[in-house]
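Structures for review follow.
Same chain, two partners: chain A is paired with chain B first, then with chain C.
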Partner chain A sequence: MTTTARRRLMRDFKRLQDDPPVGVSGAPTDNNIMLWNAVIFGPHDTPFEDGTFKLTLVFTEEYPNKPPTVRFVSKMFHPNVYADGGICLDILQNRWSPTYDVSAILTSIQSLLHDPNPNSPANNEAAQLFRENKREYEKRVQQIVQESWLDDSDDESEQNKNEEPK
Partner chain B sequence: MSLINESPVLNEPSLYTKLVPGVINVLDKDENLNTININNLNKVNSVNEGSTKELKSSTGQANCLDCPNSSKTSTVSSNSTKKDTVFTLKKWNLVAMWSWDVECEVCAICRTPLMDSCLKCQTDNKHEDCVVVWGECNHSFHNCCMSQWIKSRNLCPLCQSEWHVQRIGR
Partner chain C sequence: MNEQTTQEFDFKDEMIDEKITAQQEAIENEIAREQKLISDLIKLDSLLDEYSLEDTIYRSKIIELSANFSLVRKTRGDGNCFFRAFGFRYFEAIMGKPDEVKRLKDLANKICTDLNQLGYNSFTVDDFKDVFVEELERLADKSDVKLLEEIFNNPGSSDYIVVFLRLIVSAYLQKNADFFLAFIETYQSMKEFCSHEVEPMYKESDHIHIIALTNALNVSVGIIYLDRTDQTEATPHNFPEDSNPNIFILYRPGHYDIIYKN
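Up next, the complex of A and B:
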């Protein structure tokens, strides 16, 4: 079945391929265009640098009139990311506009890594460290950067996590 | 007018200079000073570095600034000699721009040209009734796309201002 949402997502995918933004990539899953996998590379000059953070985007038939549900699959330590990977970002909630596409969503999340907003925290510990103890914040972020390289396959990542000293 | 073309500098990539409307004076082959009215030109390729500097700093006229005899008005000054000349414009390329006098914008919601039907009408194979809507903010979308969006929020998706329909049509 071809719907408006699916056709729009094909356009999003084409734009992402024709005009790929720096440091992000994304593609629909093989058998479901409503479910996308994406990777955001940690931006330079941030503690997230060199991290490869995986996300999923789940679209509904109401797209682009409703935003997709975007979630980090990789473990994240960021003032605006919930423990379950959910993202607190205004353009994915009350400031959504139907003019956004996958490319815009991914680059917005990338810039959120650059500029966290500690005033609307989704992770209180991260927000507090970001405000009060940058050194510890950066240390904690660097830990999840290293973990981001490990979770290539779920089995492997569990193994590696268990092996890692606390 | 034939212009002298002898400097090796001319083969270098041209500087793209925006000229303000006015008059500039150019020496031709016989070293007569000619005045070019550039009121109707927007963009000019200027290759002589010295001239570029002069043209940029001019307020509409590119006369030689140091010579007392130079004319500051827009009249033709034909009695100037080579001695008076601070710079010579040696090459003169005109660049014209054109575009079709029609809209070929893309609907920011469905990413389909506004000239075509919206994605939904394409899916439903209804090509006749798909019209364009303009808001008071002057942003335009397919009427179908916009009527779906304003069920969520009555804002222009591009400028976030409150959405008021200015007109609907083609």
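Up next, the complex of A and C:
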């Protein structure tokens, strides 16, 4: 079935390959173009440096008119990331524009790692430490950076955990 | 201990967001089942069925309107109704007229250049423009209402046309920001206004969108305001003001449909 969503996702993928942004990568899963895996490398000069953070992007047939659901699969400690990996980022919610593609989504999340927004916290503890105790914040972030190197094997269970039982 | 509570709280917060989204989607799906994106032609006086007999203001205005207008096409109430109504009616007005189709096509290309200069990603902008122009060109040499209805009722092509019309408005407002900034209150910049109120799909349109779109495309549109104000006649309002339109849109509070002059 060819739909605008699928056609656009093929084009997004081609653009990611032809013109790959620095520090992010992503690709559709083998049998499902609507489900992508991505990796964001922690940006330099941030406490996230050297981390390799995995994400999933779930698209619907309404893409690109509606944004995908993006979640960190790797454990994250960041003021704008929920406990279940969900991301509080305006362009993934009320400021979504159909002109954004996967490349733009991933680079926006990468800049969110660079510049957290503690005013709309998804993780109150991270937001508070970011504001009031940078040293402790950085320590906590470094823990998840180290964990990000280890979580190759448990993607599957993480993903299942995120799915709500119906 | 402390950590536990914050994490739990966050999680609940997220669940509320998800529930709201789920409910919103359920409502959207119901609307989608009940209402085509663009309906077939219906008689204007069939709108009378929507109002009770006591609702004399609406009823008398509809009866008065039927002296000059006789047919209506309803659009789905999904926040895109103005753009979809306008898009359908404009394509309908120029189909089978190769010169007008070419004018719009050239304009579409020029607007893409403007958008690139404004910093938009040409890769995605062109995707919308390409579909817009492809569908338009299918109608260049023939007046085919069936095909037009098919294009606008297929969510793929229809929504892409709506996105491109939204981008036209965004480009025009940003290029003329000095003038239009006076009309927006809650936003710091025109770019911010456009990214919240123009570009996202399903965002409703206001006066400023209509002015921008009709100016950008140099097309005249008449909006017929049908509301509860205490007048006997529905109020027509032309964009631009001194023009003589042949495209008419019926506005009832919160919603735009297409209306045809006799």
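Everything that follows uses one rule, which is that the second predicted complex is superposed on the first by the 154 of 166 C-alpha atoms of A that agree within 3 Å, B and C clash if a C-alpha of one lies under 4 Å from a C-alpha of the other, contacts with A are read in each partner's own complex, and residues count from 1 in each chain.
Following the convention adopted for this analysis, a residue touches a chain if its C-beta (ideal position, glycine included) is under 8 Å from a C-beta of that chain, and two chains touch if they have at least 3 such contacts.
What you see is a predicted model, and the numbers here were worked out from it, not measured in a lab.
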Inset, instruction - Could you look at A:Ala83 and tell me whether it touches chain B, chain C, both or neither (first, second, both, neither)? - result: second
Inset, instruction - Identify the partner contact of A:Arg8: answer first if only chain B is touched, second if only chain C is, both if each is, neither if none is. - result: both
Inset, instruction - Once the structures are superposed on A, label A:Asn124 by its partner contacts, choosing first (chain B), second (chain C), both or neither. - result: second
Legend entry - Which superposed partner A:Ser97 touches (first chain B, second chain C, both, neither): both
Inset, instruction - Spot which of chain B and chain C makes contact with more residues of chain A, would you? - result: C
Inset, instruction - Examine A:Asn65 and indicate which partner it touches, taking first as chain B and second as chain C; both and neither are also allowed. - result: both
Inset, instruction - Using the superposition described at the top, list the residues of chain A that contact chain B and also contact chain C. - result: 3-4, 8, 11, 15, 64-66, 97-99, 101
Legend entry - Contact set on chain A toward chain B in their complex: 2-4, 7-8, 11-12, 15, 64-66, 97-99, 101
Inset, instruction - Write out the stretch or stretches of chain B touching chain A in their complex. - result: 108-111, 119-120, 122-123, 145, 148-149, 151-152, 155, 157-158, 160
Legend entry - chain C to chain A touching residues, read off their complex: 2-3, 6-7, 9-11, 13-14, 120-121, 123-125, 127-128, 131, 156-157, 159-160, 163, 167, 195-196, 199-201
Inset, instruction - Please name which positions on chain A make contact with chain C in the complex. - result: 3-4, 8, 11, 15, 62, 64-66, 82-84, 86, 94-101, 104, 122-125
